[in-house]
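By letter and in written order, the chains are A, B, C and D; residue numbering begins at 1 in each of them.
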Amino acid sequence: MTVVGRTWDRLTIPGKILAVVIPLGAALTAGLAILIAVVGGAVVQFLADNLPLVRFVVAATIVLLMTIPSAFLIIYMEMKVIALMNLRYGPDRVGPFGSALSVVHGLKVLMKEDFTPTGADVPVFTMAPVVVYMSSVLSLLVLPFAPGLFGQDFNIGLLYFFAMGGLTVVGLLMAGWSSFNKYSLLGGLRSAAQIVSYEIPLTLSVVGVILLAGTMSLNQIVLGQAGSLFDWYLWRQPLAFVVFFIAVTAEANRTPFDLTEADSEIVAGFATEYSGMRFGFFFFAEYVNVFIASGLTVALFLGGWNAPFNWPWPVTVGLDPGGLGIGLLLLLAIGPPLAIVVLGLPFYLLNSRIRFWQALVIGFVLFNVVAVGAVLGLAFLSFDWVVGLLWFMGKTYAFVFTFVWMRGTLPRVRIDQLMGFAWKWLLPAALLNLFVTALAILVLKR
Amino acid sequence: MDRALRRRLEARFGKVLTGPVRQRHDETEIRIGAGDVPEVLLALHDEPDFRFGLLSDLAGVDTGTSMQTVYHLWSDSSGDWLRVIADGLSRDDPRVPSVTFLWKGAEWMEREAYDMFGITFEGNRDLRRIYMPPDYASFPLRKDFFLADDASRSPAGGVRHMEQTHGPTNAEAGARIRQAPAS
Amino acid sequence: MTTTRTPFDIPAHASSDDPRVTLDEQLGVFEPIPPYPPRTEREAEFYTLRDGEMFVNMGPQHPSTHGVLRVVLKIDGEKVVDLDPVLGYLHRGVEKLCENADYHQAICYMDPLEYISSLFCEWSPVMAFEKLLDVQVPRRAEYIRVLSGELNRIASHALFMGWFALDLGGLTPILWSFIERDEIVEMLAALTGQRMLFNYFRIGGVNGDLNHEFMSRLGAWMSKATAHIDSNQALLNENEIFVRRARGLGVIDTATALQMCMTGPNLRATGVPFDIRRAHPYSIYPELDFDIPSRTEGDCLARYLLRMDEVRQSLRIIDQCLHQMPDGPVMAKLPRLIRPRPGRAYAAIEGPRGQYATYAISDGTDQPYRMRIHDPSFIHLQSVGLLTPGNLIADTMAIMASLDPIMGGVDK
Amino acid sequence: MSLIPGLGIVRGMALTLRRFFQPKVTHLYPELPAEISPKFRGRLQLLYDEHGTLKCETCFQCAQACPIECIDMGGVDTKGRYAVHWGASETYGERREESALRRAGRTVPDVAYEHWSPIDLGPVDAILHEADHDPSRLLEILGATQAAYGYLPVAALKRISFGTGAWYAMIYGTATYYDHLRFEPPARLAGSDKAATPALGSGRQRLEVDYLAGLEQAIGSGSKGPAGRVR
């Protein structure tokens, strides 16, 4: 038994882990440093040369990551809002007001067994949720969240959007066909019929907006609605708004048009045979679709990130931290401890049961709250994308609430009524809107 | 009790009745042979004197010696339930004409009677088992069908009260069947 | 060719996760076609597919078959060509059990038949046994029976509204109607001692007199019942989507309804005001003042609205019962062990789904010789096969829900 | 349906929004226990008299009257010898484990009932036939059975119950009432080859009797018994 062996035996388990991890980490860091020193310049140069690619990858990653919390939020909203409308409390156990329940649902779905039914077309069956989810995520790329905050500003943004939205139906059809189940097949066929039919009034109703804005870039369309409440396209295109809202509800498979997964008729439609995270992808995609539908309605008709009234943005804050010089360093060094003590002292003085270190902890927490609030407030005042994002999210979630509200109220339509409504009412209305808009533009511009 | 209905029934169906018309509480009971069922029920359904338009119930009965089918009818011409008993079906091959030509809704009730008693309703176009599985071989509501009771076989279980109705185990098979009352 | 498993292939300790245990069978495709030659003309006709048709097996586990009903649908695209309900998944053989139980015990088997309206299931056998025994039920007991029965009718109809909306895709009404039902059920629990399977009616009376808790709960509920029920219906009655789906769907005319032996609201929705409470009066109904609502359309919407009208009439009856309630005993004097004279008795009552009837034969012992239970759900369910062909898959559920069958009663 | 299309939908939406803000009706169950009315019959409880002793006499009347056989009773007879039961065998506390094992497909040695399962029931049938399956001649039947077997095997009692239609509880009660009827073979008391059967909780007395008998035999007739059997 050598010295090394004896020392190893004396180590506790965390010690053993650290004893392995620290040298490994050191070696990796050194290796990376050498690698960067050797090829770093070339890589940076390559990335600088292909900035759009970098931007795309970063945007796609951020959007992909963003879908998950937003889907959680919408799932929670759906559970809670419908519960409150049903005169129950809904989720109220996990997290504040039960808000963590959707996260727990997500974890549950992750942990469930993911099985493939006998007789399924395995590659198609496996790919279908990916296609559905990716089409939703890719649509998000062109959605303008705030001034300067969007994945890509295509000049054909709207067209891209509808193309990606149309990809969903391929995924649903794949799921329906490959599941080897008649309910799935019926659900897939229903979704194909429904989404293809509603694509047409959906696209036609937007043409009026395109004519008004003169562009298909979503960013430009939002910019065209800058100003007050009355500059929004909602007032100039009311019929288009109604048609668009109904059609987008059908596109997102929401009540009263949720025939593809009508649980009282065809069990769960295309998702009948899915379980585990594959079902989770469908589930998430549905709620991401709700977000997209709301966001698109907001961007096209409700002014996107624009505030509903003229607000003197941005407020210039005359603060120049650089002017303090060495004083900034001193402030950063002395300020926080001082603030912690100052904030904690009243608790220590006024309550005899609190010890000094407890008062310090309270002071620390309070200081953090104050500091974060100050930073956010500063950001809110100085960066217009923050306030734009807040306006956009506020409007979008108001629409999400409407979708959930409709789900809590309305029964489901029948497939022939659904198709008849699309072809007999929505399509003529969209065409009428298109012609009237074109005529008005011709008459007024001349 | 509706005496007028009794007189009308006796006058109209005097020939086909196999027993006296009985009345008790708000029920009037006639008994006919199995072959007369379509004719009698058609007359009861159509003739303006009777107008028994509603087939209230259709049941099979195993009396221990023979089979019966029992029809309960309602009419606005009388305050009584009319009970028509088609009597004297053989237990080995009970056959009776179907009444689905009058009441299509009797189809499932006849299927049930077939399933439970093995009574064949001639003319019912969908006479198969309705409750029991299709490969089931027995007719559960017959009186010679005893409940399988594993409590009697397991040494641990108590003897259940249900077994009291069965006779001694070594009595002959015929003696174990409960007989219907004579009425 | 299925491979046969030998016990030597599998170790004794193999768990059910072992693929050798579970996946040794040939990969099978479930087809709803029965694996034997057709026995009847109708079965042969149904299980023959023409071009473009396919079978869809719905149930016994399906969200909207109201229990464990299995329906084999023959569909052409979305259109239902024909359907074949397969029963028996909940068959308990209640009639046979009753023949082996004494008269008091037999009533206990009645509650789980139609678990939504248990009191009505008890009522008809109790009446039949009273006829066999020639017992006069005390008037207070009759009033209590009518009072609790009408409460149960309201609970059943409230739940019908929720189910009908749920089968049409509405999420909310079922929960609202469960709130109504829960209040009534709590009330009846205070009266009878149970929430669902009341087992309250006895031969010759009821199990207990009215008590303070029941009356206070009833008073609190009656003060707001009308407003609540109207408010709940407002969600559906005026909703365009709901009305468009239910109107003109599953139309049945009077003659066909009588041919199909329909009773109750489903018959009244075709224009016949046939209600056993008036057509063949029993209990104290002749003394009460109420209307028999009827509608002439005979479609799903008429069946729905008719039930909602009946709720209002039931409220009227409850009000009268409370005002006219006499004093006195609630049980007739009867021996513990009942041995009726040999004879036959038939009793029918009007329940929330139609006619509940019992045909009892006594042979002089303490057990019924034969006890036939007639259940309206069973009768009405067979009309689905008549009404549905030609409609869409979604309409199958709407029609089935509008006929309001309960599988516990269908399968006995 | 209103005249203006869509108005019904809007009114329905307004109704749900109103309900959104109304007080909720859910019972917050674990925090607030449900109110159960005093008339509630859903709980089975045994009543106590004013001295604080159980009123239940294990007469099995409730169990035999229960049509769906949900009442499961167990008790010890007055001499403390036998655990008597009414109900499905799976529900017995003592046998629950074995039942689970049996369902799992392994054979379980049925130690508690070993001593009466293999008897031949022919004599009982003969006796019953002789007594015309008449429950009123129960004492005669029981006496004859005891004469035939030397004691009253439980299987024979069950057969008598089955044959005469008398309840098992009745027969068992009769058999325990009379001193001349016994449930154990007299040979066992003299220390047969069958050693002390592992019995149920109430069989403790029987174990002691077996032990004393074995001891007596070992002392009285030399060490004839199997070695190690009695320690």
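As a working rule, a contact is a pair of C-beta atoms (placed from the backbone, for glycine too) under 8 Å apart; a residue touches a chain by one contact, two chains touch by 3 or more.
Please read all numbers here as calculations on a predicted model, not as lab measurements.
Between A-D and B-C, more C-beta contact pairs are found at B-C. Located most centrally within the structure is C, per distance between chain CA means and the overall CA mean. Chain geometry summary: the mean Cα position of chain A and that of chain B are 68 Å apart.
Averaged C-alpha coordinates put the centre of chain A at 63 Å from the centre of chain D.
Computed from the mean C-alpha positions, the centre of chain B lies at a distance of 40 Å from the centre of chain D. Note on chain placement: the centre of chain B and the centre of chain C lie 23 Å apart, centres being C-alpha means. Under the contact definition stated at the top, the residues of chain D that touch 2 or more other chains are 9, 12, 15-16, 19, 25, 65. The multi-chain contact residues of chain C, meaning those touching 2 or more other chains, are 101, 172, 176, 179, 235-236, 239, 241. In chain B, there is no position where the chain touches two or more neighbouring chains simultaneously.
Put simply, chain D touches chain C in their complex at residues 1-2, 5-9, 11-12, 15-16, 19, 25, 37-42, 65, 67-68. Residue ranges on chain B touching chain C, taken from their complex, read 24-27, 29, 53-57, 59, 61-62, 70, 72, 74, 76, 79, 81, 83, 102-109, 112, 116, 125-135, 140-141, 145, 147, 162, 165, 178-183.
Every residue of chain C that touches chain A in the complex is listed here, in rising order: 27-29, 54, 56-57, 62-64, 78, 165-172, 175-176, 179, 235-236, 239, 241-242, 244-245, 392-397. Of all the residues in chain D, the ones that touch chain A in their complex are 9, 12-13, 15-17, 19-20, 22, 24-26, 28. Interface of chain A with chain D (complex): residues 81, 84-89, 405-406, 408-410.
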